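Chain lettering (A, B, C, D, E and F) follows the sequence in which the chains are written, and residue indices restart at 1 in each chain.
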Amino acid sequence: MILHTVNKSPATSSTLKECLFSASSGDQILLIEDGVYAATQAFSELLRDDLSYFVLQNDMAARGLNSSLISEQWQPVDYQGFVELTEKADSVCSWF
Amino acid sequence: MSDLLIIFRKPPVGTSWAREALDLALVGAAFGQQASLVFMGDGVYQLLDNQQPDQVEQKGTQAMMKALPMYDIDQIFVSEESLSERGLTKDQLGFDCELIGQTELQALLKTHKQVFNF
Amino acid sequence: MNYSIAIYGGPYSDQSAHSALHFARAVLKREHSIQRVFFYHDGVYNSSALVSPPQDEANVPAQWQELAKEHDIELVVCIAAAVRRGLLDEKEAKRYSKATHNLADGFTLSGLGQLIDAGMTCDRLITFGA
Amino acid sequence: MSDLLIIFRKPPVGTSWAREALDLALVGAAFGQQASLVFMGDGVYQLLDNQQPDQVEQKGTQAMMKALPMYDIDQIFVSEESLSERGLTKDQLGFDCELIGQTELQALLKTHKQVFNF
Amino acid sequence: MILHTVNKSPATSSTLKECLFSASSGDQILLIEDGVYAATQAFSELLRDDLSYFVLQNDMAARGLNSSLISEQWQPVDYQGFVELTEKADSVCSWF
Amino acid sequence: MNYSIAIYGGPYSDQSAHSALHFARAVLKREHSIQRVFFYHDGVYNSSALVSPPQDEANVPAQWQELAKEHDIELVVCIAAAVRRGLLDEKEAKRYSKATHNLADGFTLSGLGQLIDAGMTCDRLITFGA
């Protein structure tokens, strides 16, 4: 299982799209930095059903994305949670 | 009509673009230029309420945005299409600004000789 | 576990060096070790001794220096990416006949092989792109 | 299976990303690592024939690409979907490479522990 | 009349889309740097009928985009042609 | 006509400073004048005296210096963007207690007002973004 991190806004960059195209069933996606905007409801149609979705809550809070804006597929994690995800994954792939 | 049009198309935190664009607006005002601001694309994210950039040790743009009235910058426009593409509505924004459509946006670009586009 | 980190973005211009710093602190808190931080592409700008942020902003290079000293982490800067962007240590300054050098203490210029090596020998290599 | 997978997603000339990613592939090979390269997204533009980056005083990536066989790098893949999104076909490319679909791309990522993604 | 320059690839960045949305009828678009990929046929559907389209031929040649790849709306210019376009325009707006 | 140029991208990392150079030469060839080149955001990295490219690559800062000298063009670097990225002249080095400085000859640190001024007073201001 691969942990994919994505740090670009989904509305202006194709980075998330390229990541979702390349991920295998069972992989995990973690949004960081400007990538966190992808966790808002407007972008939930892009998501596949066979991946797990995480979002860095520090970067969410930094940008004013409170839980009412976030779609339910996304599970918030803090930096320690980020580290835990990297521990469990076989490898980590960064999309930027 | 204002002298300067500054277009904000970048999000507020992940890069320094937004802060550097706002710096330009404030310096323009200090030089006696009337400035209008347009938020479009990912720039509309600069207007979201309750940003806490200190959570990632960044400064963000909200504090500077609050200084705009002191510089007599009160012409603040936001693209309706950019907001709705991002699933946002005007009442989720932390700033008082005027919603504009494509026609008004085009008119703003056309009527300003000096446009800074970030 | 043994981690290494790659950073591709410059300070102030984007968040990657800051994100990596937060991540590194969390790695250490979870009692892992960090062997190396490798600076590539615009990440090399984090190694400048001359970075002078306003008092109310973080000095990212200084924070990396502190963390590295405290936890015995190598701060390695890609030499090819660095010299063409104007980051020189004393030796490179001499080689290119420059009157001065600006690589901050605690950072080392070295080859891209150090990034390959980190990928081969560490349990995890985490990249923070620009 | 090769040791390293390097993904090229950036165009060849406008930024240094493509050159820096290729540098990494060559250094990896010099370190005795078997490297596979995948071109996807705008990275497929690196494979176009007849690039003349000297027209804008840039170096581009073609000269380095030609050095790949000397480093025993011969596993070169290109995303079929990325090509077709850009209206390109394999015969417009200046390099011999293997077309892959989504399944093969996913398998390449899954089977390499070391992936460098540019 | 505004001259708009665009320097980002249309397949991975929304820059061209934002420019085309903001241009007024009669404006001119000039592609430079990685923006020149937008002159290939795959992206001709994005274009509006009421604008004029130019592409910097040095940047085209640098990227191996020969005329067979370019769709017919686009008129190649060199750097002197770029300067001439800036002379004639009322203002120049750069999209990046 | 009287032109000014703004550059927002660093050397080597992206093409903007090169594009601006080509454009500037074409402007001069068409017998216009160039009053000022303003370096902002990562464009400030073009003003480093320590940039040391390989022999077969262009030295962009040096090319700007030459062009500026020959055609009497002001090379102005945004002071706020520069100091936080580690570009200092002698005066700023003293202010921030740094042992050395790295701003190349011919470049001047000044305020963002110089960019506003260029927009107000020149016939054309052309921006090369990163």
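Here is the rule we go by: a contact is a pair of C-beta atoms (placed from the backbone, for glycine too) under 8 Å apart; a residue touches a chain by one contact, two chains touch by 3 or more.
Model, not experiment: these values are computed from the prediction.
Following the contact convention of this document, B, D is the list of chains adjacent to both chain E and chain F. Contact tally for A-D versus D-F: the pair with more C-beta pairs in contact is A-D. Comparing the centres of all chains, each the average of its CA atoms, the largest separation from chain A belongs to F. Relative to chain E, the most remote chain by averaged C-alpha coordinates is C. Mean C-alpha position of chain B lies 26 Å from that of chain F. Centre-to-centre, using mean CA coordinates, chain B is 33 Å away from chain C. For this pair, chain C with chain E, the centres built from the Cα atoms lie 38 Å apart. Contacts with at least two other chains are made by residues 12-15, 19, 22, 41, 57, 125, 127, 129 of chain C.
Residues of chain D found to touch two or more other chains are 9, 13-16, 41, 56, 58, 114, 117. Looking at chain E, residues 7, 11-12, 14, 33-34, 58-59, 94-96 sit in touch with two or more other chains. Interchain contacts (touch definition given at top) occur between A-B, A-C, A-D, A-E, B-C, B-E, B-F, C-D, C-F, D-E, D-F, E-F.
Chain E makes touch with chain A in their complex at residues 11-15. For chain B in complex with chain A, the touching residues are 9, 11-15, 41-42, 45, 48-56, 58, 60, 85-88, 92, 94. Partner chain B is touched in their complex by these residues of chain A: 7, 9, 11-12, 33-34, 37, 40-43, 58-59, 61-66, 69. Of all residues in chain E, those touching chain F in their complex are 7, 32-34, 58-59, 78-80, 82-84, 86-87, 92, 94-96. Across the complex, chain B meets chain E through its residues 9, 40-41, 81, 102, 105-107, 109-110, 112-115, 117.
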